[in-house]
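Below are two complexes that have chain A in common, paired first with chain B and then with chain C.
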Partner chain A sequence: MKRVLIFIFLTKIFLFAYSYDDFLLKTQAKIYPKLILLDKKIDKKLIKGKIQVGIVYDDDDLFTALSIKNLIKTLYGERLDDYSFKVIPIDMLNILNEKANNFSYLYILKSVPDRLKMLSIYVKRYKIVTFTYDKNDLQYGFLFSVNLEKKPIIYMNGEALSKDFEFVPSLFRIVRLIGNV
Partner chain B sequence: MFKTSLSNRILTYFFLITFSIILAAYIVLESITKRTFYETELEKAKLIVKTVTPLIGLDLFLGLEDNIDNILNELIKNENILAVTVTKGKKVFKKVSKNIADSDSFIVSKDILRPNSDKVLGKIEILYSSHHYKKLVEKYKRALYVFLIILLIFILMFGYYLNILIKPLKNIAKDLEDYEPKNIKKFRYSEKNDEIGAISKALNKMQNKIVEYSKRLENVNKILEKKVEIKTKELKEQLYVDALTKLPNRFSLIKDMKKFKKGSLIIINIDDFKQINDFFGHETGDKILKGFANRLRHLIKTDFPKIYRLSGDEFALFFNKSMSKGDLEYFIDILLQKIENMTFLHNENELNIRVTVGASTDSLSLLEEADIALKLARKESVPYKIYDKDFNIEKQYKENMEWVKKIKKAIDKDRIEPYFQPIYTTKDFKLKGYECLMRLIDEDGKAITPNFFLDIAKKSRYYTYLTRIMFEKSCRYFSKFDKTFSINLSIEDILNQKTVDFIKETLDRYDVYNKIIFEIVESEGIENFEEVSIFIKDMKRRGVKIAIDDFGSGYSNFEYLAKLTIDYIKIDGTLIKNIDQNRDSRVVVETIVDYAQKKNIKTIAEFVTDKKIFEIVKDIGVDFVQGYYIGKPSPKTSLDINR
Partner chain C sequence: MQMCFKKCFVTILSFCVTLYAHSSEKEIVEEILNDIDELTRIATITKENEAYQPYIVSVFKGKELEKIGVTNLKEALELVPGVDIATDNIDNKTAIFRGSNPFAYGQSKLIVDGVVVNNVMFDSYNEYLYMPIEIIKRIEVVRGPGSKTEGVNAYAGSIRVITYAEQFKNIENSDRFFLKAGTYSYKGGGFFKKIKKGSLKIFTDFYYQQDDKFLPASSDILSTGIYGGYNAQFSQSGEAPLWTKNYSLGITLNYKDFTLKARKLFYKHGSAYGINYMLPESDDYTKFLNDYIELGLDRFVNEFEIDAKVGVKFDEFYSNARLAPPGIVFPNPLDNNNLVQYTDGFYGIHDTKQRTIYHSLFFDYSKIENHKLKFGYLLSREETYKVTTKTTDRFGILPGLIDYSDTYPFFDDQAKRDSIILSFQDDWEINENFAVTYGINAEDNTHIDPQINPRVAVVLNFARNIYKFMYSRSIRNPSWQELYTINNSSRIGNKDLNPEIVNAFEAAYIRKFSLDTYLQCNVFYLLNRDQIDKLNSLNRYENMGSTNIYGFELEYKGVLGQKSKFYGNYSFVEGKDDKGEHLANVAKHMVKTYLTYELNADTEVSLLGKYVGDKRRFSYDPRKSLKGYITFDIGLNYTNIKYRYTINLSAKNIFNADIRYPSEPFTYTEDYKQEGRSVMFSLRKEF
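Coming up: the complex of A and B.
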């Protein structure tokens, strides 16, 4: 029975989970932490003295989130530069229901538009720097996304920038700025 | 180096200063500009590196190598960038370069920092070409050379213009160099309205004033020349004409004698003219001289002989042709007769004059010879003498010279000695004292009396030495004995302040004030009464006794004697030596003694040569006697013997 339940669970996951490009995921896992280090207000965004990055996923993308966590951990370990670094996968519904924010940076995987819209409101409220897997999700008001074209391109949602965000100036010379569309 | 005219100096200094400024500007500008160009290129290279480094740093950090390649490719497109190298650690991470051989370049490098951190990710190096810098320098040099050439052209043109401006000044200066007040010329450029025109106008005006002034000066000069001519004539006349008598003077005579070489000359001297002046005054004397001159004019009438006034009472007649001695004697005889008949009126009194004449003829030394003849005539008290070589004047001169030599030698060899002649009292015939008499001891040891040499000595400079030697030796001798001694002093001694000082000093030295008696000759004392009086008072104050020597030899003046406080009268020897035969001499001596006794003055008779004379003078009452009867002058005295 137990085996049946695991099978059903896994089958559900595989049947209903979004599809992700592994190479893009690897690229993003490599670049996004570095973009965090380009934040000039990084010290103000530490939570309990750590850089806490949440990987927001929908129910079915838990494995993807975990693999991303593992990728990042493999690349950077538990320290990002001089800071303690912690990557925590978190369910979309859970984060929306959180009464207190525990993240300064969020890596948002694929989701339905309604949830993404709600999450967008959440991140604005808590001034969270966001990275999306899909560059199209930037339209909901998220900040960064890396897409693989001939080469990796960093997109930035200009409208999502607020005065609370401050990055090294040279960053603005390499990103491709887009609007909410 | 160059002509020192103002224009040349202005031009030379202008060019020197301008070229110096240009040269300095060239050196400074080239140096500064080259450095500036180099620094500009360096800054450009640095700016490029500074600009791309953050991007490369970001791309390197994010691992966006394609972006780095793009940046490097863009950089290498820059013509000045020869190569770009990005190193990561010690390894070359990226490198792009051009295949252009350009050895002249420089490297600019910069560390690549991680964005938002100080961590060094790597290093970027850009090899930057100096090509552009060189091109700039070349361009700048070309521009500078063009500028300098243009500037040089401008300077040369300005110098040329300056020369044109100054040229009128040079021309005016040249005109001024050739300028002469007599040659009137119009100075150029007066039509100009600038400063040169003003100078030219001023010079033209000045020229007019100079011409006017020269004319005036010329007129003044003419007047002055005329005045000078008149004045010169007057002065010449004054030079050759006697102001009182208007007769030609001595200069005129000398001039005429030079002109005619030979001739005859008569000098007329008015006898005792001094007495006329003394008795009647100088005004009368002058009137007589003028009258005498006029009478001579009337007497002679022609210029043969010509009449001259030589000095106070001396006139001359010059014949410009030689006359025979006989003719001259005949002329002088007539002349003397005429003069003797001349009568001059003074306050209704008639005055006659007598003259003595000296003449010379046919000689080149007329004036000197006529003068000698005149002196001889006066000496011999004859009316006239005509010069003759037989006068032996030259012989006398030679003898005089010999005596001067002898005196000098005697002084040098200490052969001037005092001889002492005793003076006795008449009353009891006792030694009263001595008179010190000068003797010159000749080379044979013979003592020569002053009669032979004293007059000659007085005319030479040795006289004061003789006095001093006598005085010194006499005082020294008698300082040892308690007897009086007398020394003769002449008027020359008394008037010579140095001799007087010597006398005082010697008296002090030997302390013989109370023994010494000064004998002063009566006639000399009268002639210089004031000086003698002062000397006597001074000496008497010191205790010295004074005797008047040779009293009675001339016009004995008792009034004069009364004024001088004297102690002794020494009666003249000429009165004493004949007193036994000449009654008049005795009367005179008695008068003198009588006067002296009344005035309490002691008398001394000299020339007492025998007992008879001694008895007479004793009988008359003379106090002291001196003479060969008493004792001859001797270099030693009885004082030496009794010592």
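Coming up: the complex of A and C.
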């Protein structure tokens, strides 16, 4: 673990902000919270009575994470349907070093493969429902990604679906299930 | 017992609250589907899904272009694959798409916030090419006649400029002001601002800019002897006045389903190389005014979305210049061709004002499964309502300027054209991988026989691969200059001109490697008929013949590591006319590319490179091929996220390459020289 932390520390100094497509961010900010409402286990996943979503960002992407938080706040306020709703940007390094989990849902921005692989282990451990910015990142075992093609397509990673996750059946009418990512 | 009852009541109540307070699963799914529909509509309008559109389109975002030091619309267009810029003797610049008739304007249309702004006089949009990049949200360039089925008759391409007036719910733009300064004493500034009061939304933008640019000009037309051996001695070379004063005010009002768009544009420019290709004086000028006001209604009525517009545009061409140097001898057309010597030179004021009134009504219907139908009509009347011609006394006797507006006008004051365009288009999504778009435009106007312009496009997408196949036919109506110029020896209008016609065959392959990275390859074959130019001994506009053009474009955009973004394109074009003459004045090879590199989260540097290849001459033009050029621009961009301002410093053409646009044969001995090394500083602040 120490070695991992050293590696992470070393890589940090070489990282820079990624580029994000504004429209895709806005699309995801609109759709992802509604997908949370299709989680059958939503009531069991409340943290301090709230739906708590973490936006996982890498190093210099804090500004992007904050703008997503503001966007979601503009769209949904502090309530998602009948639930209290909180969105918290969290640095990738911090979440990987957390001893306890504070999130049931994570929206994952871009990062390097090594960190995403470590994060995928973390989310499996805590049974976190995940949404990624980049559809390609589903290959690390994350669950949902909305990609902009001719229209926005909601991708769901069939391989990441386990008995720990349970969604309403009608979700499967609107997602495109993919196996080999 | 009471306690037990209370508990039961609370439990039942909680159950009921849970049951009814949460939206039902069906409602949420329905909401998501509605969101997807709305986002698809916005993505289609804003070309976010450009790769899937049934035409070949390049989209550039204003804010990305700002970062690489692009200053205005013209510089942005220079980045588009297959697009080159040409100019003429009054520095009336235009974009040339895929080598198609570099001596004609109007082969491409410029559409600003949905309004076609080409002026009636030349069918050009030079006065808009200097629109600062700061007020442009997005530029969409369709190569080929892709957008004609919406009533706009693009021929070689269409350029859509979208300002920050475009707003969507929850996707709003910040207000902004900017200041700029640069070489040639360039100064500029402007702002845009939105105001919202209930259902009323007001958006306004304004910019002003000026410079004092002069560039070297070679010996003018008199040196060729076309105006007689005696006059050759008066030929001049020197500094061509290319200075500019330009401002524009745009207003967009939205109230419920109604939209009012208005813009006033003023563009005053040095007379460049002279109306008659004789070098003018330094303070001589041309003025292009281009104003419009349009009222639109966008409303759902039953199953139809109705888009109705009514508008009026005014454009003016005004020239106040010395047309010939002191001592020149001309035949006097008012006096049996006797010769007159103009000892003080020959001066003139030429002014013509045009008005276009138009109305369009289009219906969108999408209740047939997998089909999106769009049909409607566009009616327009273009007319000249004022012509002023004042020149030096043609007899060379009286001082000052004499009004020849009635006796010897430079332009036909009866110029008028009524047009009707009927349009139908169906976007048929056969399945999620296969879409067909087909449509037809039928056009008739005062000057032409009815024209039927069909179009069909097939788009296939499999995983990350997108294939497009397109056929389209389109026409370009002759411009006012080509139809109605009179009493001018250097250009003679021809009311019997046929429209130029193109049959375009195009195919494209797009490979999307990731969200940020794609490769696109386009091939095209264009059959152009009835091309218009005045390259004949009479200088009369004629349908000179056909040209077949073919070529391809490669385009790549990607992220290199985490710090760099790269964009590059290469285009090749070749062709021949029906006399076996190769394409003249067209660069066969062009490369445009830029690279940005992030020094840290706030600061980026950029390198922009362009190569425009050699341009062959006409076989009868004795000059050697026009040499190609390579330019490099470098830029530094600093963004302060906290205080929301950006500073950009760019140096353009850092190696001072000799950039020249072709002059017409037998006019200026050398081609028109363009800017050398220059710098630009910009400050932008958002609110």
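Operating definition for what follows: the second predicted complex is superposed on the first by the 164 of 181 C-alpha atoms of A that agree within 3 Å, B and C clash if a C-alpha of one lies under 4 Å from a C-alpha of the other, contacts with A are read in each partner's own complex, and residues count from 1 in each chain.
Everything that follows uses one rule, which is that a residue touches a chain if its C-beta (ideal position, glycine included) is under 8 Å from a C-beta of that chain, and two chains touch if they have at least 3 such contacts.
The structure presented is a predicted model; accordingly, all values stated were derived computationally and were not measured.
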Problem - Overlay on chain A: chain C relative to chain B, clash or fit - result: clash
Exercise for the section: Look at A:N136 in the shared chain and tell me whether it touches chain B only, chain C only, both, or neither; answer first, second, both or neither. Expected result: second
Exercise for the section: Examine A:R173 and indicate which partner it touches, taking first as chain B and second as chain C; both and neither are also allowed. Expected result: both
Problem - First, second, both or neither for A:D81, with chain B first and chain C second - result: both
Practice task
Using the touch definition from the top, say if A:K127 reaches chain B (first), chain C (second), both or neither.
Solution key: neither
Practice task
Give one of first, second, both or neither to describe whether A:E149 is in contact with chain B, with chain C, with both, or with none.
Solution key: second
Exercise for the section: Pick one for A:S19: touches chain B only (first), chain C only (second), both, or neither. Expected result: second
Exercise for the section: Identify the partner contact of A:D39: answer first if only chain B is touched, second if only chain C is, both if each is, neither if none is. Expected result: first
Handout entry: Comparison of chain B and chain C by chain A residues contacted
Key = C
Practice task
For A:F63, decide between first (touching chain B), second (touching chain C), both and neither.
Solution key: second
Exercise for the section: Classify the contacts of A:K73 with the two partner chains as first (chain B alone), second (chain C alone), both, or neither. Expected result: neither
Practice task
Check each of 9-17, 45-53, 63-71 or 369-377 in chain B against chain C and return the one that clashes.
Solution key: 63-71
Practice task
State which residues of chain A lie in both footprints, the one left by chain B and the one left by chain C.
Solution key: 30-31, 34-35, 37-38, 81, 150-152, 154, 168, 170-171, 173-174
Handout entry: Of chain A, residues touching chain B in the complex
Key = 30-31, 34-35, 37-40, 42, 81, 150-152, 154, 168-171, 173-174
Handout entry: chain A partner contacts - residues on chain B that touch it in the complex
Key = 54-55, 57-59, 61-64, 66-67, 114-117
Problem - Interface residues, chain A side, partner chain C - complex - result: 15-19, 21, 23-24, 26-27, 30-31, 34-35, 37-38, 60, 63, 71, 74-75, 81-82, 134-136, 147-152, 154, 168, 170-171, 173-174
Completion exercise
The chain C residues in contact with chain A across the complex are 21-23, 25-26, 28-29, 31-33, 35-36, 39-40, 42-43, 46, 48-49, 52, 170-171, 435, 461, 514-516, 559, 562-563, 565, 598, 600-601, 641
